[in-house]
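Remarks on the structure that follows.
All chains are identified by letter, namely A, B, C, D, E and F, in their written order; residue positions are counted from 1 within each chain.
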């Protein structure tokens, strides 16, 4: 259980689901251990948040455990989407712990947001990767089947096709150097989904991820994005954390999750 | 390049192909790093083998590098099988470096042996696993579509369905405790394929594997099987080595490969 | 949850409690991670056991989770003992996952056995260690306040005082070399408690433990003891597993737990 | 021996004592290895400091080795305090290498400063933690029994009780974002004690610590504090370094110790 | 092969040579694994670079593999220098993957530049170290036998003799704090050699190196230097990466290599 | 200090010297950390030995610390030999902690024994390796310049030239399989030197070594050799332990050292 996520499912304002999908990781596998690792390294965080003067354990967060993953990503996304959609139907904000970035597609389907915001080193705008349209490298493209627009913060690499797709009107790319100046300007009634691919961080801060990409964001830059976007957000995830470091990636991921909940809860 | 595998492809009696498939690993992933890790830890072995008085680099071994894997295991097995079949057609013995055990199906298809011998903690006789018939846990079942019989040495666990299948006439299971007493009794003209799933060893000797299973074989027991079976063998592999230990699994795997080649070569 | 420990508490024949006490570890700490690590590495084991023809998940095993540990060992033992005693009162066999060996004292108090059998490199017969009578190095001494006799299998080191205590009539020490020849000869109505300190194994098979001691037992020797003692056993534990290896110690510990349950259950 | 700490005890201006206490660590243990690890990773640093034009080995630093720790923290603090007090009595500056933060209480007692300055992610102002008033999480509270005021730099988390205590007049908390703007304003005759809890750094720079807390200080920010405070400082420590990273925490800790000595020595 | 370095040697504009020399490393060895580790962690980078609108695999880069190292550094430098000189003679830019910094001497000899620029925590200006003039700690001194001047960016430590040497007219030292303000001002026809000692980075970003030195550069600062210097550069290397971290150092090193090639190629 | 090695140099019957030479290691470096690692993992062993009824700390063992190594192996061996010779001159038994196997040459020169016995996977009988006659791979050849004969226990690999040299009358090779049957038959007045290359063990028991070679000895087989040879032995070493495992190699090495001292001391 994520520390402090002690609410019953029926009382929950936030529902955490672990999604240990780990099949398309192109380089360093281990994202399947992400959910448990994030939970473990979050044990050391205080329940109380000074800034918002709230206890996490008071914020009606339920941890539904992990949804066992198997080798058919498309079907898994469908199944996970149903599970997360149940949370949405019950008025809760679904929070997914990846697992590879692919699982974000399930969260987005469940939430059906207007805007998709993500922190990511990569554009993830491929139509397919190695013949697989459900690769983690295609997830933002998949998401755009549902959401109206995507804002990718911290992106610093992609294929020409991805950059071309990114040049279209429904995609905004903010380079790592510009993230600290970015502020969200959503329509008042926009629904937003926020996805944190931990590789948006510089590898020094999150080496335990599938595809490290140098020159990334600092933890505080990521935190400020999470805080700024949270009030408008109806679905959230932290993905691409694996077990191949000394806990840096999981610690950062778990902390960003808590920042999200603290901020989002003040809005309720 | 596997150390000493300096022959040209056209002159080769043995062709090594890395097969870094790593998608169905149910527990600890990383088999994709197996081929390179086996090559690396083999650098420290002497070229010369005293017992057979041969230099490995004289035995016409070619290392064809790795065959890039992707997320469709069935298709990958087909493709790999073609590659290995080319080696067979050229009169060479194909040697596969896994990767998950699934890749063995490709080797067996390429060789089309009468008998399939493997060292494995697991029966791998499932018809499917998590809905996937190309899971590593099904490979011996898949192999029996091609080979007439299977001999599984060191197996110590399986599902009831697997044990039932294992009870049929075409399967022989030798418990770890009995492996040191086992000797092959192949028909003179039988073609044999030999597969080494490194988890046949006790985890103390090969912790770097996807699914550790205690109470296994010692390295010398595995070596003696490899030496005994090698003369009749037309295809070979070492699989399920990953990068999650301090080199024990890769070192053992690479050494067994060399033992195979030394012994098999004396027969030519 | 320990894989397959799906029974409700009220229906359980076996109750697993994690006891992550980790304060007196004199050398390498980390036993606090033992319970979760044992659970994790057990995920890869088959539910079905061929030898006894049973499914673990059919054997009415309940995993009660971990009992949070703090810095007062004496009080923790008392508290844990109460928890385990509740299982005993309900007719279940308590199974403790350590944590340091000290937690065994709680299991023994709860079960109140006639005979204490343990696999351990160490005598653990000190009256105190560094002024602490609740050190892991004193646990068998503590246990003898409750049990009538102790049989220590695989012990190979101790202080003079420990060896002197071991020479008394109520203690039997079996050297590692003699363990394979040992067979239990309990009175028919004796109640037995069995404790597995994973450092009974040679460090090659279980490096992830607080105080490695070479020249130890093989996994099969430990398994055979577990199987032989299990039928008479009313309480069981696996202790001293930490997170400082590549899973060998946890894998062995979890497997011995399963062996215990499979064997003990056939007796019911 | 800390590299360059070659002075005899009787000639020393600085006395280093290792204090490997590691019992109350609430999450990741291993602080007991901190002293040796700091010494080891300091081997690679130059003896000479350009900025102050001094050789460390000329600065009369003595390394008294480690003071063996046991399970009674209160008694250990008393004993360590005596040892450090001897250094103070001899006119030397005591430098403690932790071990958990609890050991700072001993240094403060020995020095009896007016002002306690520390770099820490945590307030450490609990009156007790899990019933233990000598937990590392209570050390600044303990210290305030001796010192008149505490300045906590880089603190970013705590319980409501801790924040309440922090709001009192004798405590100053400087958020990580404000540390670079902070300058000490001590009374001319104030005695100061400076404690470096390595978790004040962002986990990217010091993952090897018991309780990682993201959004922390950069190494240069910590260095600038050490340099600024050193001239007024009569006792120093580096604590909460463990062996669970690749040396980052120990390297940073050892370097900050050297920065302290170089700066403090220029004042003599 | 470095990913994308697919050109034939005869067509190459850039020739990569691995130089796994690892004998004088004074602290943490393992630089011998640097070349392969850099290649491995570069697999995850996109072939395409948005900024310069180029594919790496279009830039005529050839990977010549590793030049086996042995225990005579002076002779190895001579031999390696010949190999790299062949590339220069063929009009290609030689790129060396260390290995210890000593190998840079070979690159400089091959290129015979006017200016030597390096990113390094250390001055490396010793005339000898432990009696060895071919130690990595002497390489910039060795280089000054060939080049007219040296610019050392990010240097923060050295012996008095090194600082004295650094004070001469042909050496410029730029402290880490000043690197972001530095811009190259080479004569139009100057030939430049650029060497990246990965320990120029702060240890948080590159812990896998032989001699960590805190308070270093950020990855972006290093990148900006590489981009600024690349157009004038005729020889390049990345050195002192070892295998003692979770890939951070290798990932950064490989990325800087790619930045170098992308920028340098636009100039051709 | 090696635990219990508390004797003054002048009173010592055994003198331990750390010899962290680590330059010719052909594969995995790190032997420089062997001495400290052996000392560290020995902390957990009891001072008292039951079999010989002795306290290690009563056996007059002095730990002289490490003799700093540099890059000239021949000169280092000469220097180390002098240091060890001083111990011999004082009537003490020198015990060397490697470092690479090369350091054994120093011990043998100091002791000038009739017989050299070693546990090793390798013959180490090369006249040179990569042009270096002081490579670890040549040490037994070097030793035979001093000793009259060599007995190599557990050797399982070598070059043809080594096997040829091994076939001469002054060399005895005992294969791993035969070591348990071997018993020493020294002339009554023979002086013996005993060297333990930890790679004599199977990699499962000692993965932390420079060149793993499967199919090796068990820890008990090594122990029995040490006990059998110790009474006649005038010099001893444990070499080739590095820091690339979880402590198995160091633990085994330190324990064998203690077994040597316990047994040898009973003879005095």
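Assume a contact is a pair of C-beta atoms (placed from the backbone, for glycine too) under 8 Å apart; a residue touches a chain by one contact, two chains touch by 3 or more.
Which chain is which protein? Per UniProt: A, B, C, D, E, F = Agmatinase.
Because the structure is predicted, anything quoted here is derived from the model rather than measured.
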item	value
B-C, B-F or E-F - pair sharing over half of the C-D contact pairs	E-F
Winner on C-beta contact pairs when A-E is weighed against E-F	A-E
Interchain centroid distance [CA atoms averaged], chain A (Agmatinase)/chain D (Agmatinase), Å	37
Centre-to-centre distance between chain B (Agmatinase) and chain A (Agmatinase) (centres being mean Cα positions), rounded to whole Å	39
Interface hub residues of chain E (Agmatinase), defined as touching at least two other chains	202, 204-205, 245-246
Complex contact set, residues of chain B (Agmatinase) against chain C (Agmatinase)	26-28, 157-160, 163, 177, 202-205, 207-208, 210-215, 244-246
Chain A (Agmatinase) partner contacts - residues on chain E (Agmatinase) that touch it in the complex	41, 43-48, 50, 202, 204-206, 219-220, 223, 245-248, 251-252, 255-256
Interface residues, chain F (Agmatinase) side, partner chain E (Agmatinase) - complex	22-25, 29-30, 32, 70-73, 130-132, 135
